[in-house]
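Both of the next two complexes hold chain A, though its partner changes from chain B to chain C.
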Partner chain A sequence: MELSDSVLAHLRHVAALPDLSGTRYELESEIGRGGLGVVYQALDRELDRRVALKVMDAALAGEARLIARLEHPAVVPVYDTGSLPDGRTFYAMKLVGGARLDRYIAGNPSLAERLRAMRRIGEALAFAHTRGVIHRDLKPQNVMVGEFGEVYVMDWGVEAVAGTPAFRAPDAHLDQRSDIYALGALFQFVLPAAAPPALRAIVAKAMNHDPAERYPDVPAFLADLERFQEGSAVEAWREPWWHRLRRFGERNAVLLWLLTAYVVVKFLLFFLRKV
Partner chain B sequence: MDADTSIGGHNAQFPSTQVSLLDAAASGLSGEALERVIALYWKPVYRFVRLKFRKDNEDAKDLTQGFFTSALQRDFFARFDPAKASFRTYLRMAVERFAANQHESLNRQKRGGDVRFEPIDNQAVAGESAEEIFEREWRRQLFSLAIEDLRAHCEQSGKQVHFSVFEAYDLTDADHPSYAELAARCGLPETTVTNHLAWARRMLRGFVTERLRGTTSGPRELHEEARRIWN
Partner chain C sequence: MNKIWIGLLAGLILGAVDGATAWFYPETKNLLAGIMVGSSIKGMVVGILSGWFARKVQSTGWGIAVGAAVGLLFAFLVAATDTVNGRHPYLEIMFPGFVVGAIIGFLTQKMGATPMKRQEL
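Moving on, here comes the complex of A and B:
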């Protein structure tokens, strides 16, 4: 039988669709696909709500259990898991609205908004590391920014994941420090072109080729980010004196203005007395 | 809805009927295993040769036949190392080398003249490389074989109606009929049509996997190749 291109494309599409008969879900549309599976929007008929349904090879079924261990505001909650008649496995999770991080950044948010998203991502990663889970494939396509600024880190890694080249650490074995490298690469992606040098230094430290030279853990990365936001010196950068002076000026602007005003008034009074 | 057969039945994985290439090679590649490889790869190799080396139909057929004959004589399949590449890539590269050598030797014989070139196959999509065509033809052949497996399975298990519904809806180049139209045409309730379709697609997926299993080195390569098929 000679199949035309259009029939072949149709067959590849329909034969890949999950057969959800016998489940509480009704397939609605495809949301996205990656190396590890396809995510569909489905209707949960029992609870009358829409969910995201990820369908994958049975060998990767551990991902759902892994995510279920991560109860955190920035990790999409898993509702349910199951098997399809063809042996594939699926799990249902909260359907998150909003935009993927790469599309969110394309909308040119402010630096404060970008840093806020990075903090949320870092907090999710730090939490996962305390549970012994590493992400393995942190990249903009795996982060969603919701309509109200909420951030969700998705596609938590399973053993089969080898990472995405631009975000993957050059380490032989992926571990928490490899996630810190990916966090740095993600931060680099999130930063605007004219980012302050202190933030560039945080990126460089997180992405150091030598894992021992990176931040020891995600909280250390977040602490440096917080230092920047508070106007303090970041650990990742030995700043030149004029930067320190400028930062001092920015941090103590009110005090400096008061001092200047005081000196000016004193100066004027001094001259008025003379006159 | 008809009860499922054990093959591809509910909550069961599609049963494996084919051993991997490596397992087959370990016990001396059987005629059956070779047949599977040739059934899947003959056409992609033929089309690859036609496009990349601009051979006419007869020359491409001879070259393809020559490649498989030479491969069998030279223990080609036993030398496949899955650590280096997928079997599909290994085979394509071997074809490329073989065809290039043959092409060169033919040119030498004819002193660079009188070599017949055919226009590029009209199935080649603009901008598509010969490698991409090889992969596309591999997919096409894989699905063609899986459909034949499905047809044979339906005939053996008395599910000809299932196949007819599948053929009318999924194998047509024309616009797909609505489920209601198809139900009326086949004299079946609409839900039976959708159930038959779901069953046939599930089985087709299983047969595609089985064909892949028989022409890959093991679970890792099978998974990788399946990903290329479905994504």
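Moving on, here comes the complex of A and C:
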């Protein structure tokens, strides 16, 4: 008996589905698929809640332990881990609603919203670095933005991953500075076409081909971002004097208006007195 | 430096500068020192009150409004007790006093440390 291509494809798909019969989880649907595993939506029958279940090769089981070490608001929490009858391993994590960063940016959020997302990503990365974890594959597809603006960085530090070309540092050896390069590349992706030159300078510094010329750490990157948001000069850009003047005017607009009002009042009183 | 000190300092400087503009008026030129001292004291009082308000309420708009109102009130009191060429200089003192008060109110909102709120147990 010969089977049609569509039937064969269906059988292959069903055969690849994880057998969760010995677990507390019930498979619902596939969420995403990558080179290192497949993520499903599943129901945790014991706690009656939906979770994201990542199924992957047993050799990559360390990923769950790695993420479990990163308890941070911008890192998806791992609930549980286990093995399947076919030898594959899985871990259950929080099912995050919302959109991937690339889709979120396609919705054209404001500059303030983009910067807020970048700050959250940077904070998660800075935290991971203090725990000795580097991400290795920071890219828009590995960041989720929730319905309420919460940000989650996913797919942490798998040794087998060498990064995605557009976001990977040209370094021979991946370390924290390589993550800073990827953070800069991600920032470039997040910025709108008409971004202020100060922000472009932050991207350029983070993405410098010489690791020594990049920000020394993620907090330094975040500090420059904060300086921009506060209307201060950023470390990455030696701004021309007219930019400095304009920034001063923008930062002190109310005070300048009040001083102008004072001078106008004084002039009017002086000249009206003579009329 | 706390907000009351900021108000005091801003009031002293702006009051002195405002008083110094009396130099441009021939009728008050000879009274410059006294006007500057009086204007500085008025500025310091407005500054202290604005600084005290800024410790209680953190709002630039309200800070400017209260500073301007207090500046206007004290300028009125000064103008009401003062006479130049037989008349009260209400306009000459109250208009600048209003704007100087607004500037002091703004500065006390933007500068100086806010006291930590006592944590409720």
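The rule is simple: the second predicted complex is superposed on the first by the 270 of 275 C-alpha atoms of A that agree within 3 Å, B and C clash if a C-alpha of one lies under 4 Å from a C-alpha of the other, contacts with A are read in each partner's own complex, and residues count from 1 in each chain.
In this text, a residue touches a chain if its C-beta (ideal position, glycine included) is under 8 Å from a C-beta of that chain, and two chains touch if they have at least 3 such contacts.
Not measured: the values here are computed from a predicted model.
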When chain B and chain C are modelled together on chain A, clash or fit: fit
Touching partner for A:Val254 - first (chain B), second (chain C), both, neither: second
Touched partner set for A:Asp86, first chain B, second chain C, both or neither: first
Partner chain in contact with A:Tyr262 - chain B first, chain C second, else both or neither: second
Contacts of A:Leu245 with chain B and chain C, given as first, second, both or neither: neither
Partner chain(s) touched by A:Phe270 [first = chain B, second = chain C, both, neither]: second
Touched partner set for A:Ala166, first chain B, second chain C, both or neither: neither
Which of chain B and chain C A:Leu47 touches, first, second, both or neither: neither
Which partner, chain B or chain C, touches more chain A residues: B
Superposition-derived minimum Cα distance between chain C and chain B (Å): 53
In the complex with chain A, residue positions of chain B that touch it: 4, 8-14, 136, 139-140, 143-144, 147-148, 170-173, 195, 197-198, 201-202, 204-206, 208, 219, 223, 226-227, 229-231
Chain A residues within the chain C interface of the complex: 254-255, 258-259, 261-262, 265-266, 269-270, 273
Footprint of chain A on chain C - complex, ascending: 21, 24-25, 60, 64, 91-92, 95-96, 99-100, 102-103, 106-107, 110
Chain B-facing residues of chain A, complex: 1-8, 10-12, 14-17, 19, 21-22, 33-35, 38, 57-59, 83, 85-87, 160
